[in-house]
Amino acid sequence: MRPNNVLECWAQGRAAVSGWLAIGNTYSAEIVGCSGVDCVTVDLQHGMTDVQQMIGMLQAISATPATPFVRVPSCDPAIMMKALDAGAYGLICPMVDNVQQAQAFVDATHYPPTGTRSFGPTRGLLYGGADYFKHADQTIVRLAMIETLPGLEAVEDILAVEGIQGIFIGPADLGLALGKGPVGDPVDPDVLAAIERCRQAAAKAGKHIGIFCTSGAVAARYAAQGFDFVVPNHDANLLKAVLASEVQSARG
Amino acid sequence: MRPNNVLECWAQGRAAVSGWLAIGNTYSAEIVGCSGVDCVTVDLQHGMTDVQQMIGMLQAISATPATPFVRVPSCDPAIMMKALDAGAYGLICPMVDNVQQAQAFVDATHYPPTGTRSFGPTRGLLYGGADYFKHADQTIVRLAMIETLPGLEAVEDILAVEGIQGIFIGPADLGLALGKGPVGDPVDPDVLAAIERCRQAAAKAGKHIGIFCTSGAVAARYAAQGFDFVVPNHDANLLKAVLASEVQSARG
Amino acid sequence: MRPNNVLECWAQGRAAVSGWLAIGNTYSAEIVGCSGVDCVTVDLQHGMTDVQQMIGMLQAISATPATPFVRVPSCDPAIMMKALDAGAYGLICPMVDNVQQAQAFVDATHYPPTGTRSFGPTRGLLYGGADYFKHADQTIVRLAMIETLPGLEAVEDILAVEGIQGIFIGPADLGLALGKGPVGDPVDPDVLAAIERCRQAAAKAGKHIGIFCTSGAVAARYAAQGFDFVVPNHDANLLKAVLASEVQSARG
Amino acid sequence: MRPNNVLECWAQGRAAVSGWLAIGNTYSAEIVGCSGVDCVTVDLQHGMTDVQQMIGMLQAISATPATPFVRVPSCDPAIMMKALDAGAYGLICPMVDNVQQAQAFVDATHYPPTGTRSFGPTRGLLYGGADYFKHADQTIVRLAMIETLPGLEAVEDILAVEGIQGIFIGPADLGLALGKGPVGDPVDPDVLAAIERCRQAAAKAGKHIGIFCTSGAVAARYAAQGFDFVVPNHDANLLKAVLASEVQSARG
Amino acid sequence: MRPNNVLECWAQGRAAVSGWLAIGNTYSAEIVGCSGVDCVTVDLQHGMTDVQQMIGMLQAISATPATPFVRVPSCDPAIMMKALDAGAYGLICPMVDNVQQAQAFVDATHYPPTGTRSFGPTRGLLYGGADYFKHADQTIVRLAMIETLPGLEAVEDILAVEGIQGIFIGPADLGLALGKGPVGDPVDPDVLAAIERCRQAAAKAGKHIGIFCTSGAVAARYAAQGFDFVVPNHDANLLKAVLASEVQSARG
Amino acid sequence: MRPNNVLECWAQGRAAVSGWLAIGNTYSAEIVGCSGVDCVTVDLQHGMTDVQQMIGMLQAISATPATPFVRVPSCDPAIMMKALDAGAYGLICPMVDNVQQAQAFVDATHYPPTGTRSFGPTRGLLYGGADYFKHADQTIVRLAMIETLPGLEAVEDILAVEGIQGIFIGPADLGLALGKGPVGDPVDPDVLAAIERCRQAAAKAGKHIGIFCTSGAVAARYAAQGFDFVVPNHDANLLKAVLASEVQSARG
């Protein structure tokens, strides 16, 4: 089975850098996949795209050196299985509040007897290879998002769920949950403390921790702190920022 | 009829700044339309998109303050009429080599008796308003691209064609035509001389001149020289550049 | 934040008229948005469309004076959040049977601490404006559909749920639930009594009430009775009706 | 080979009534196909659609009793062949100005030795049947549009071209060509005279004549005059008209 | 209402043969529908397609002699209703584990008072006919998939649920559940015993039983055993197999 | 620049085997690309697809070991350039009748000064690599189709055009042109003689010759005769054939 870049990064002790797709398009997906990232995450939750377009985007990412990930919109097993069948090598599940949800995430993404994933790895076979079934459970990365108060309170327990390789922090949602507003790169001490609690919990559990960042510089800062899956913002935000700057320059 | 921002810029004596869409997607189109530009050009020539998607992109641009333009893939009247029917307020025609092609461009984009545009302004009516037919000929901007040797030699004659409001320079193609390679922001004296010839010809003809630029800074430089339609690169290139930089930062 | 036409209609004491889209297409969406309605509802439940196409339809509606609404297919929070992120300013939730479902509707559509909506207003920011987060909770309209027996029995309690601005009647489903068949413009006394119960409950609660109608005339009749959100049938039914009539005329 | 309804209408001496699709959607295409019309024309010229979507629309029409036609955007043989391969049973070619163009239309739509149509009736076989090749040339209807001054002057010659079964009048374009403005249901004597000239020329040639109409009533009037292919307006216009009326009614 | 081929097969005492679509495309859907099968199943679970594309695929199948079925991705009522509204005449529900899920399947797919299906048979009316509502409950086929251990244990009870016409075996998933690996045409005695248990239960209950097969030959074998809904593999697997063979031949 | 498999096959003295896509879908494109072929040709002429979908199909092929080719619908330079910009490494141009058309084919597909290809290799850069411009002219394969009488008569001259690497035979069209009907695997002596003339002309010119075949066995037969680009039928025909066989088997 084709290896998962993110697992290889982790085996080498370095942080994986992930692109993030809010624009639902195969060409921009390929651009992001060719940008030097280790993986690219199709965002089905807040991204302006859906399952149909995700298939083409996963194909476009497959034409690049990057490994395809999907942030699913919820813990719904049907969409998790669909993303895996379409070739996703990693799933990020939003708003995991408790062990039950984390376990449901694990169940839906492992084949029996470990889990309840239905067999039919349509495109997974093409992308992964003929031995997909044998290695899929171990090759797929599962990150549970900690971004709500219940999730934060249960972070140690969620990390203890077998089959979850780590957690992923959504700082804006976490800040909002803590009553501090949706700040992309938080400076509020309570939010920073919550993020630090997650980091320590992951470290203690021997698991991985990722975070959505507002820039490459912020990503580097978190990577230096031990975060090993960092996202230097999504395509739509980056395009917005660079356009604002270039248009202003053009105005002289 | 809803006014054309580009004509208003020109009436106010200032350069219009145009976004440029190589990514064939309605969400990125809307992002570009909201970036402060005066107009947005859907690129049907080199862009990764086609007429079907163009319709949705023109609609998305219509939801922003920017005026929708289309660069058509060739002088084919059928696609010019289609872009106009879909609501384009400006057309940029590539590789205009001579007066005959410039005249064909004018003919296909004016209603009889001036031209031969077929009547059926389907979406044009929704975007432009009920009086679309009355004002369309005058509201639509037509820019002929000068980017080949024959086109350069005929630039004065092309500019003299009534109904063409101006020319648009493709520096990479022009450089290539002059044997100097496809350089986005040319420094070769011969290429610069060719661009200057075009600028002077446009000024002498009392017409407009635009140019595709590699950045906002380059756009500002050309605007300072009298170019009044400048493009601070296209979405795909800007996304590529900002990603390369952010991913490198993330690596630390 | 860009205002919501429906809230403005209500502030002015008049009924909002909504278009309704069963055809999953951006051009017909724009036609409906330009027809003089106050808002346009993309129907993800019975309409022949899905989330991917909804994004383009919401963009097309944004190019018109009408405010975009979405009827979601169920109480699933993931799709509610997606519709809001894509720029919907109102959600209509079908088959609300009880207070728990109504509360889930409210929770999924308010940001913390009021609710549990995840932060990531991708296209909402472009359509709504930079202050989207600040005003979204108050600007978004939430209508719970009363169309089942349990829902009818609980209508007063559902109306009491804070954050729901009103209810919306599906007369065909309500008639079906009452054993009277799916009649679009009901005359059965029991169905009319059920509708009247809803109207009175809404009035008593100081909340709003809408209804799907089979024509503009029926809509006007209900508006005269105090319904303040009326739908003069959907695009597919209107097209069917006018075609039947015109084709018959053409046959002579 | 599955028969062509339009040829059957003509064999029975009655006018064929055609639906007309400006909305590029398969569901509205199917609605129109189920409305009682004899055929449905996908409009690739002024319609908000393109070749990719046309394929799905032709399939949707195939699920109805109506025969699928396509108005191509120009005399380009490539797109004519594509429409036929996709199952179109009739082609309407716009802006035919002279015998050469009419002959090119005939050539591109007949297999050798009669014409130059390339062999590869992909979907034509599924829709038409296994004997498609044998009967296609005779089953396909070709209508040349007369809507320009040169076309009007050459109408008798164009009608004499073997393989063209008739002509089709675009009244708005014809009025525009005659300097009388784009009027859908013309009353200007010169325009009416031009239409009458076409009608007599077709009758004299023993060929068919169609016309685009603004309503079923107008279609019936032309049918009574001998026009045997009438179009009671297109879907977008009909939807616009019925919506305007219903929304006004809803306002009370 | 247009009859359901599968019900007709069963009335005639013969097995229905179903095509199966993993490729999300309307043209391949039409090819499969024209292949001599009784019905065609759009696979929303493991197929590389989604609800939006399903609509076009159901339309394409409607242009063929085959009856359209859908395998939904889960027991979610919203997607079941959507598939029915879009014209599906049969639903196959995966991973039915118990009577509660079977009952939910029945409820979501019958109109009140039998069930809770919401009224709005948008495309169903076009495909089924004007009397759709009257006959839909009886015309729609519902097959519950038995492919998990809990489902196998409850197969007799699931078969007893009124409104379910039968069960459908997924041999690969069933084998996986039994710890024997995902084998498409199982030979393991335990798996065969489980399949036989299902067959006998169905026979005893006087209900139907289908199975996904790896080829026509396997389908014939099962049909000979009394299975009356057989699937000779899906389009993607068949295309893969024939290509492997032809490419090998081409290599000489 | 990423190498072209077809050129490598030729350098090694063996025939390239090409898949052929009539189904316009990215998943089936990827299946074909994974089938062991050297390249895959997207058929824009007779295939049920268009430029927009082609982009996704080329991306899907890029995720496989196969090299992407496109059969364009005509000699129109705009679509040739578009296919190249989208990453096609080979173009097959239908119905080349004479040297002028062959030269136009060459001109449109070479950058100046050799030709007139416009610069803007949008996706070509991502697929080909940063040095795309430097090597594109030499890496791209151009095959002119000989399938008409004029083309057959001019085959020696067409082969002499510099920049065309070879010719491609469409046996059905060629047979049709010769008055022998559209036979996929011709046995008529005149057709075979025409094919042999082409083969000898190519051999004499030191250029390549391809042919569309009805099966792998036929492809092997032609390869044995010296044809070095063979196509073992297209996906739609293969799917049709295998389905017919499997459904018949299933019927027992």
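Read from first to last, the chains carry the letters A, B, C, D, E and F; within each, the first residue is number 1.
Here, a contact is a pair of C-beta atoms (placed from the backbone, for glycine too) under 8 Å apart; a residue touches a chain by one contact, two chains touch by 3 or more.
Because the structure is a prediction, the values reported are computed rather than measured.
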item: Matching chain pair for A-E (criterion: over half of the contact pairs shared, by residue number), options E-F, C-D or C-E; value: C-E
item: Residue-number overlap at the subunit B/subunit F interface, same or different (half cut); value: different
item: Farthest chain relative to subunit F (centres taken as mean CA coordinates); value: C
item: Farthest-lying chain, centroid of Cα atoms versus that of subunit A; value: D
item: Distance between chain centroids, defined by C-alpha means - subunit A, subunit C (Å); value: 34
item: Between subunit B and subunit E, centroid-to-centroid distance (C-alpha), Å; value: 52
item: Centre-of-Cα separation between subunit F and subunit A, whole angstrom; value: 40
item: Per-residue overlap in subunit D, given as positions that touch at least 2 other chains; value: 22, 24, 27, 31, 34, 48, 50-52, 55, 76, 122-123, 236
item: Pairs of chains satisfying the touch condition; value: A-B, A-C, A-E, A-F, B-C, B-D, B-F, C-D, C-E, D-E, D-F, E-F
item: Subunit C-facing residues of subunit D, complex; value: 17, 19, 22-25, 27-28, 31-32, 34-37, 48, 213, 215-217, 219-220, 223-224, 230, 232-233, 235-236, 238-252
item: For the subunit C and subunit B complex, residues of the former touching the latter; value: 26-27, 30-31, 34, 55-56, 59-60, 62-64, 122-123, 126-127
item: For the subunit E and subunit A complex, residues of the former touching the latter; value: 22, 24, 45-53, 73-74, 76, 94-95, 147-148, 170, 172-173, 176-177, 179, 181-182, 236
item: Complex contacts: residues of subunit E adjacent to subunit C; value: 50-52, 55, 76-79, 81-82, 85-86, 111-113, 116, 118-123, 133
